[in-house]
Amino acid sequence: MKLHEYQAKGVFADAGVPVPDSKLASTVDEAVDAAEDIGYPVAIKAQVQVGGRGKAGGIELVDNAEEAREAAENIIGMDLKGLHVDRVLVEAAVDFVNELYVGVTMDRNEGEPVAMVSTRGGVNIEEVAAEDPEAIEREHIDPAFGMQPYESRKAVYEAGVDREVAGDVASVLRTLFQLWDDSDATEIEVNPLMITADGDVVAADAVMNIDDDALFRHPDLAEMEDEAAEDDLEAKANEYGFDYVRLSGNVGIIGNGAGLVMTTLDLVDYYGGEPANFLDIGGGAKAERVTNALDMVFSDENVDAVVFNIFGGITRGDEVAKGINEALESFDEIPKKVVVRLAGTNAEEGMDILNTDLVTVEVTLEEAVQRAVEYAEEEAQ
Amino acid sequence: MKLHEYQAKGVFADAGVPVPDSKLASTVDEAVDAAEDIGYPVAIKAQVQVGGRGKAGGIELVDNAEEAREAAENIIGMDLKGLHVDRVLVEAAVDFVNELYVGVTMDRNEGEPVAMVSTRGGVNIEEVAAEDPEAIEREHIDPAFGMQPYESRKAVYEAGVDREVAGDVASVLRTLFQLWDDSDATEIEVNPLMITADGDVVAADAVMNIDDDALFRHPDLAEMEDEAAEDDLEAKANEYGFDYVRLSGNVGIIGNGAGLVMTTLDLVDYYGGEPANFLDIGGGAKAERVTNALDMVFSDENVDAVVFNIFGGITRGDEVAKGINEALESFDEIPKKVVVRLAGTNAEEGMDILNTDLVTVEVTLEEAVQRAVEYAEEEAQ
Amino acid sequence: MSILVDNDSRVVVQGITGGEGKFHTRQMVEYGTNVVAGAVPGKGGQEVDGIPVYDTVDRAAREENADTSVVFVPPAFAADALFEALDAPLDLVVAITEGIPQQDMSKVYRKLRETDTQLVGPNCPGVITPGQAKLGILPGNIFESGNVGLVSRSGTLTYQVVDNLTKRGIGQTTAVGIGGDPIIGTDFVDALEMFENDPDTKAIAMCGEIGGEDEEEAARYIGEYMDTPVAGFIAGRTAPPGKRMGHAGAIVSGGGGTGTAESKIDALNDAGVPVGDTPEEVVDHIEGFL
Amino acid sequence: MSILVDNDSRVVVQGITGGEGKFHTRQMVEYGTNVVAGAVPGKGGQEVDGIPVYDTVDRAAREENADTSVVFVPPAFAADALFEALDAPLDLVVAITEGIPQQDMSKVYRKLRETDTQLVGPNCPGVITPGQAKLGILPGNIFESGNVGLVSRSGTLTYQVVDNLTKRGIGQTTAVGIGGDPIIGTDFVDALEMFENDPDTKAIAMCGEIGGEDEEEAARYIGEYMDTPVAGFIAGRTAPPGKRMGHAGAIVSGGGGTGTAESKIDALNDAGVPVGDTPEEVVDHIEGFL
């Protein structure tokens, strides 16, 4: 779960990481009031989870109420890289002399967290990492012991942070690591961490990703989940308990098992179609889950056809087929054409059972995908 | 720092370890009131830090106010193995069907904590350990990871704890380990951990030793230190910042360095005397510290003579001698004879400087101890 | 021959009394797996289908001489179960559990590296040596004994490829599901090395997916050390950056875009490994090797 | 010959800018020790008596080729300083600091066992090879080069024995203060083994004290593996159980009474090690060996 900037900053502030004064606003008036309260200059920042907000016009710096109103009018309601901006964060502008990057993430190859510091803050850090990996100092942290204070200092000094602020930056890094550890984060980043003329250290942006699998032990963070979701359909998937990712195509995809569903997406693309989503309904195929999955996919107005790809392993194909039939029969009308392909244990028996009045049945994965792409093309015309 | 039973039980209760209802009382009336409040039967327990209180008459079980008064009268003010009983803990008696032992301590050989469980609770566990070591299940805990839940279960099941209460006992063990970890304890013991007929688990006694060297980060526990001290002189030593242990002999001992002071005690014994104390004044020998050390030793009414044994290492003997002279001169009268022996760097210059009107100077450690033992014998007669 | 598991494996099932544990234990036993014990705290002394249950893995391993465990313990308690298995110790631990918090696994992995235990998973379907034994939840009936090794990050995708192989009459030595989590015990290189050293394995199918750099490392390993031919498949070519595609480990990092299918396919091709565009194509390559 | 430290040791002083650190650095340099750097966070770029100071041990070790550190960092920060020294890594770390919390040391000791670093201390006076170099706070002037090795848990008691040796014209190869804490890096067995392997060490004085079982283990080691004669001393015969006698490690456990002087003396005698009743008697035994 990726937190919004305003959520992450709230968490940072509670943990003792200095952040600028700020207020969340969802109307232009609220934004202007917030700006007046905070005092100019303020930044008005679109709260959508996408990189490069600034360049895309999602962040404006304003000096008075008039500019604040204009900026809020521009930003609230705008479409930013495909996402609708509902809210802005109105935040005191920081007068900085230096911008650093600090972060903590999981190095999955080593199975260990890694703390990162760079003096090249304020720019796309992944570009820095690609062009000049030496510019980012990395310090692996032993997960058994947690971050030792010397490790934070080593990272900061080796990164070349000015000695005057090194102690404070190391302290921020330790707090971020503690936060990472305490909140089961998978990623925490501050970019830029601003250094003011007075030598103060301020987190001007905040990225925080929480491990979905650990939310059960963080009820406070889990509460932020609905607000964090970018998309109504993704929020719906959370409710249903599906692994779901929305994409921009028109072929809806339902399958079981992450690898097989990804493969189905890839095949849709391979055969000239465009996948509309990733949806893994998991093991088995009880009627209720199938119904919910179809509801999800049909709710996506972009969808023109659906491919349903189930590999029956332990769950037998005939049982899966019964579940699909039951689910399909619960619809008054199947709004888009559905292609089903069953494989694995008792697949043939399953395919015999499927109600071909409601769905098209195909034997191989490749055929099923091609058929769905075909249907989608027809429907789109 | 060893906590009193009532202090340790307070800490236990805060951590969620079940303890019986109890109240501390320092007068007979308070004890009877407490017993009436709690409801009979209650145990009246002397709050002194010594093993085998029960056998020595320091614990009585009473069934009514009359018995409570009698018991309180017996115990408050008694002398229990050399310690004066100022306070009693009045505690609800637990109706148990089983007594276990659980504890966490540091295995210094391995440098690791070890959790212990035994079904032979309620008796002297060190005797059990000596006679039948197999009766105590030990589980070493990795200090980097802390106790894993399975380790608590393994210890409890392997010790042979009844399956009905095993889960609860394992949970108590985990809480105790967490407490050990959180409070920088060196030792935590519950003996007995009582199992009631209803299957409840209750800590009927509580031993908790805190690492003196870690008190700086536990201000709440450090506050208990004065109350925990068994002896006025030991409390005074805490104030002065001396390592001090009171013994029962009549030769006062002051020296620098733990090993050398212990050796001085041993030599007093070896030459037929009895050491009155261990007192390490540490490095250097500034006049103020010498004065405080002499004040400590002279405050012990048992002391008949004092031996002062300093090895000057980096600190030169002549400087030490000056400090001793200055300290001695600050006394109107030296109440007992003091023998001084200086060794190491510039020892001869130091001995020349010492004011022999106030002290006796000896050249070797052996001679100095023998002289002090002699003086003490004379004074004692 | 085979790798990891065979007739001699003596298996303890952690979580044998739970719904999944009970069901799959029966399936494993039916397949011929030598399940000698279960381990569930507080359930010691019970039996599941005649298999004795112990309170601790340590006790189960000692009493029944177990050397292998399969873990069906729910995610909140799974790390503890893995620590317990590592401490017993056992030779092989197969963790089926999906959804173990990443930081828990990071600690387990740290401990794992101090032991001689081989961990497979978590979040994996398990390991099967057709005709001998299976550990986990793989559907035994689609497998056939033969000479192709299979290693995969995904469950149903493995089944898909195996089904295609078996239908063409190509059997398998052993199939290993290494799991879809970001931190796993046995990785591609480990499994490939075992297959390389197995004289009966004549070709290997390797199913990777987006996220991480395991496939790239495997490609380097294949190029440098392997004689056995490998055919690959990479799922997730169409996955957008920054989104978790079902598996916790299947995520292309945003911006810089590491962990992409492209990078993995390129690396494998550079190592001489053909990568199929469809599962069928992978099987075509394998057929070509034999 | 000698053990642990000699002319070639390149030393970084952790905490060189503190009062104790500065004072004893000067003393070490005067004695001839090759102190090449200091390490103090935030003080990088400064100098102490011409010795360059770095912000991190890692940097100090890299820039100045240091292989040894001496730690004067206050107890609250000492564990961190030790972790830093172990990570640099260095060959030898001598921790002078007294009063490090036991649980901090327990973690440091856990990490230590994963490294190749030799830790001496904490809560020790240090190590000296007379005429070559000293690490720590030992008073150099009472030592004399010779062929007796000395290992001790105590500072001033070491000085007492050395003083007696030197006054009788008996010099020392190396003296090692292993420290008075319950958890220490180098223990008696480690030091005895090094002396046993040092051809110049013809006899060894070993000063133990109450608490723990290091002396008993040393006795077993001497009995089984050593040819070099050892004379012992055990302080704390008169210590009551349950009381900490100055050193955190000098405590006879209550009740059962483990860690007693009696147990240690018996063990040493059983291993053929004479134990002196007074420090002078120890020196008598040593003289007899030579």
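Just so it is clear, A, B, C and D label the chains in written order, and each chain counts residues from 1 on its own.
The rule we apply is simple: a contact is a pair of C-beta atoms (placed from the backbone, for glycine too) under 8 Å apart; a residue touches a chain by one contact, two chains touch by 3 or more.
These numbers were taken from a predicted model, which means no experiment stands behind them.
*Asks:* Subunit A to subunit B: how many Å between their CA centres?
*Replies:* 57
*Asks:* On a C-alpha centroid basis, what's the spacing between subunit C and subunit D, in Å?
*Replies:* 50
*Asks:* Which subunit A residues reach two or more other chains?
*Replies:* Within subunit A, the residues that touch at least two other chains are 142, 144-145.
*Asks:* What are the residue numbers in subunit D that touch two or more other chains?
*Replies:* 107, 111 - these are the residues of subunit D that touch more than one other chain.
*Asks:* Looking at which chains touch which, would you call it a line, ring, star, complete or other?
*Replies:* other
*Asks:* Can you name every pair of chains that touch?
*Replies:* Here the touching chain pairs work out to A-B, A-C, A-D, B-C, B-D.
*Asks:* Quick check on the complex: what are the subunit A residues that touch subunit B?
*Replies:* Listed in rising order, the residues are 142, 144-145.
*Asks:* Once bound in the complex, which stretches of subunit D touch subunit A?
*Replies:* 41-42, 44-45, 55-59, 77, 80-81, 83-84, 87, 107, 111
*Asks:* Quick check: in the complex, which residue numbers of subunit C touch subunit A?
*Replies:* Those in contact with subunit A are residues 23-24, 27, 75-76, 99-107, 109-111, 125, 137-139, 141-142, 152-160, 163, 180, 182-183, 207, 209-214, 217, 233, 235-240, 242-250, 253-257, 261, 277-280.
*Asks:* Spell out the residues on subunit A that touch subunit D in their complex, using ranges where they run on.
*Replies:* On the subunit A side, the touching residues are 142, 145, 148-151, 153-154, 157-158, 163, 166-167.
*Asks:* Which stretch or stretches of subunit A touch subunit C in the complex?
*Replies:* So the residues of subunit A in touch with subunit C come to 2, 51, 106, 108-109, 111-113, 124-127, 129-130, 142-144, 181, 184, 186, 211-214, 216-217, 243, 245, 247, 255-263, 265-270, 275, 278, 280, 311-314, 343-345, 364-366.
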